[in-house]
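Each structure below is given as structure tokens.
Presented sequentially are two complexes of chain A, the first with chain B as partner and the second with chain C.
Up next, the complex of A and B:
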């Protein structure tokens, strides 16, 4: 099966995300959220998202090791407390489910929301939220390189002139945000966002049996997890 | 300005983009500040309000339409709702309406002092995030805090800072002062960079 076809439909990804939120935030036993993480690794593997799987496995593995060392071997870190380690460890399933959702192609996302008759403003807002992290990651990388080339990232420079550093980071980042919003608005207009009537998309993906099965299995497993583990 | 015109796609995109940026900055600063109890309890909201003020200024002046503040604060409330503090959603909607009331008069979006007033009031009211749990929702907050990995020591420290009138006054003064100072910086940045670039 092609990798593109292996990805679940947006409805299934949304269902996985909603169920993950419920599982992570409603459970009485936060120490057991590793079960949700394990289920999400299965969801990613079923979509052949090997790169995401490997990245999250490394991230989760390091956090689990740190948490183990802190709790059972008295490890103390200067900058990163047990709270932070636990927070990231606990929220990793949410990050995984969210990344699985936002990594869906924007065309597929907008086609899904248009099909469920979401208002145009809400579709635009959700698309911006979903694409925020991948876009900003690239922008911040570019900004860091640009500052580095001008010698503005050195610790001495940052400590001597924190106000200037604040301005050097904030102003280009905000200007870039405005440029992105302009480009997105033009792109949306070109795609007929203001056109009344039903909209269709080349990327429209119908729910397949495997999507329904995956979403139902995952939601059912979360329900069992909450019933057995207890709810807050 | 015409505050009654319909929201365009560009307005929605700009508002949501900058709102998400504001929320991410706020959460990041809160997380970093948790390394020290004093910084977390006394300074973190002030630092947040100072850093975010220019972003809020840009959002309000760029979109130039009513309900920008309300939309941003509703999104912030939704984030708190997702994290388990459901009572902060209605609270932030009310705070958003207060800011809208400050900015309601015609021409407010071009008046830096009006925007400064809105952000300064918001900065003071943002402390509701810390005060509301003690005043009305302690059970919900304490169980949510313990479940999310906060230590009992952190919660005790939180209680001691926010229940002593002296500390409470200091925290509120610092927060409002930082919000006001951030607004001045934001106003200066608008004139120095964004107006000149022609993006307002």
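Up next, the complex of A and C:
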């Protein structure tokens, strides 16, 4: 539990996400969204999410440098235009706020949704989605290795029969999706998922002062940003 | 505690698979269902934990009581409080990415208060010695640790009965030993344990009774002593694994010999800053079946993947017939069958699968038919590989390897979770392929398999003296 305490409550993260959406999409000065990004770096730092901070800093730094070189030094790239670079640069604050929200422990998210009386099916769906990506990543890795092993990834094979190659990936993945969802459903049934009545969570916690303060400060700063910078 | 009175069951749309079972299990007793695959062991555990017919629909007749109450009168969520379930593959039953969330999941569902959820979760984590794993993502745990988390998760809700469906299918010998200790602790605390299992040695100290299931009937009951006295021939005849712990046989070491068909010289593997293994010297020649063994985490699978070109070595060299080959070329010569067969098949039928990328000449077709017959898969040739049982998938993977025509065949734990009969089929096939001039490597902890077919041994993480 201790480690989770550094992170903000889901409600605060949701508030940060909503304010970020408003700031990024309503501002009249899209070039000034770096201010929102800077604020989000502070939000991540306040939660001691150093790894996320460093990752986004590198990503945002590279995009900023590319944008600077394109605009002021005439850099031209074969694959990406100024539009692509700007789009990613502009949307980085949204990615940061979204990542901050979805990186909350699944138990904490389910607890939040249980508290706001979301249906059990929706909460279960949320948990399955969170398990889905890491599970599928492992499955894809296994599938790729098996394809290498069976000789299904050679250029001749792929180019001569692209439809078959697509089928070799898609069909086993779909079947694994079905098998995994079936096994998860059995696991859920065996663990009382259909119990009627209220549902609580291990991670359930009341909003702390720091959560309210963080959400209020962030939302207030976005409001000031929009008031000063202008709204579309 | 558990009473089955003339219980019969048929899955929806299928023939009955359980016939007139009578069974009484006392509180605190440990009962183990044994027997060949596909004879009803798993179904019996599902009937006891209520998943059949609640989830696995079908027709149930007879009386099934838990603690004196007819199971049909207890809603499934109420059964979840009384009966904890642990399945074969813990990976596929996790809902959370981290320990506490996973252990708490059942308690959260059952409507316990926040404080009770925390007390139960933290209590079970502490009792089972899992505190050190709190901050480790579940995907990164070893198979044994994952199984322990699955048990903790079932235990947190406070059931008096536990059902285990082949809980050691994915575990090595050491992890199975640890699981045995966990179950022994549950038994000491008065829990009733019902286990369906092929591997028997880890249960010999624990079980009160072994019930032999054949054709959906309980046909014989063994005490641990009676089972231990069963001759090897009799055990094999009724499709059982050896009940007593089998020591790996003394075999010549497969260390480096110049001129062998496949050689690894001073091969190292590092991932980031972590050294998986270093300076591996190994060789194997046609006609040999080499058992690659060693504790979990010593890099057996990684080594196999390097040999077959699915991974690149960090240092040293891999040679075939004395020539150093890059990974891409190695893949043309080596077939690798992973332990997890779920992502290994690509076509809509068993027969298509074994013929994938092979010429469809009569000779190849006849060889494929013959291989499928020998592996007991011919009658399933039109079935989709995904619909096969675990043992059938293992055999299909073996068939694909045999028919691939490659010179080195590597099988990763091909007998995990298999009964004695299937183990024999696989060991015979490996022996046959070696006699046909193939070089066979088998990553295994299975001493019975080693005894049945291996000619050499390669111990990862430290050598043991060979003969």
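Rule of thumb we're sticking to: the second predicted complex is superposed on the first by the 156 of 232 C-alpha atoms of A that agree within 3 Å, B and C clash if a C-alpha of one lies under 4 Å from a C-alpha of the other, contacts with A are read in each partner's own complex, and residues count from 1 in each chain.
As a working rule, a contact is a pair of C-beta atoms (placed from the backbone, for glycine too) under 8 Å apart; a residue touches a chain by one contact, two chains touch by 3 or more.
Keep in mind the model is a prediction, meaning the values are calculated, not measured.
Asker: So, A:156: does it touch chain B (first), chain C (second), both, or neither?
Answerer: Neither chain B nor chain C is touched by A:156.
Asker: Who does A:180 touch here: chain B (first), chain C (second), both, or neither?
Answerer: A:180 sits against chain B and chain C alike.
Asker: Thinking of the overlay built on chain A, is A:193 touched by chain B (first), by chain C (second), by both, or by neither?
Answerer: Touch status of A:193: both partners.
Asker: With both complexes overlaid on chain A, does A:171 touch chain B (first), chain C (second), both or neither?
Answerer: both
Asker: Is A:90 in contact with chain B, with chain C, with both, or with neither (first, second, both, neither)?
Answerer: Once the two structures are laid over each other on A, A:90 reaches chain B alone.
Asker: Tell me which partner touches more residues of chain A in the superposed arrangement, chain B or chain C.
Answerer: Comparing chain B with chain C, the partner touching more chain A residues is C.
Asker: After superposition on the shared chain, which partner residues are touched by A:129: those of chain B (first), chain C (second), both, or neither?
Answerer: In the superposition, A:129 contacts chain B only.
Asker: Under the stated touch criterion, which partner chain does A:209 make contact with: chain B (first), chain C (second), both, or neither?
Answerer: So A:209 meets neither chain B nor chain C here.
Asker: Can A:25 be said to touch chain B (first), chain C (second), both, or neither?
Answerer: After superposition on chain A, A:25 lies in contact with chain B alone.
Asker: Under the stated touch criterion, which partner chain does A:121 make contact with: chain B (first), chain C (second), both, or neither?
Answerer: In the superposition, A:121 touches chain B alone.
Asker: Can you list the residues of chain A that touch chain B in one structure and chain C in the other?
Answerer: 128, 167, 171, 175, 180, 184-185, 188-189, 193-194
Asker: What residues on chain A touch chain C, complex-wise?
Answerer: Interface residues on chain A, with respect to chain C: 1, 3, 105-107, 110, 114, 127-128, 130-131, 134-135, 138-139, 142-143, 145-152, 157, 167-168, 171-172, 175-176, 179-180, 183-204.
Asker: If we count contacts the way the header does, which residues on chain A are in touch with chain B in the complex?
Answerer: Of all residues in chain A, those touching chain B are 21, 25, 28, 30, 79-84, 86-87, 90, 120-121, 124-125, 128-129, 132, 136, 166-167, 170-171, 173-175, 177-178, 180-182, 184-185, 188-189, 193-194, 232.
Asker: In the complex, go through chain B and note every residue touching chain A.
Answerer: Interface residues on chain B, with respect to chain A: 7-10, 12-14, 16-18, 20-21, 24, 31, 34-35, 51, 54-55, 58, 62, 82-84, 143-144, 147-151, 154, 189, 193-194, 197, 199.
Asker: Given the complex with chain A, which residues does chain C contribute to the contact?
Answerer: So the residues of chain C in touch with chain A come to 49, 51, 54-55, 76-77, 80-81, 85, 87, 89, 91-98, 100-101, 104-114, 117-118, 121, 135, 137, 139, 153-154, 157, 305, 308-310, 331-332, 335-336, 338, 340, 342-346, 348, 356-357, 384, 386, 400.
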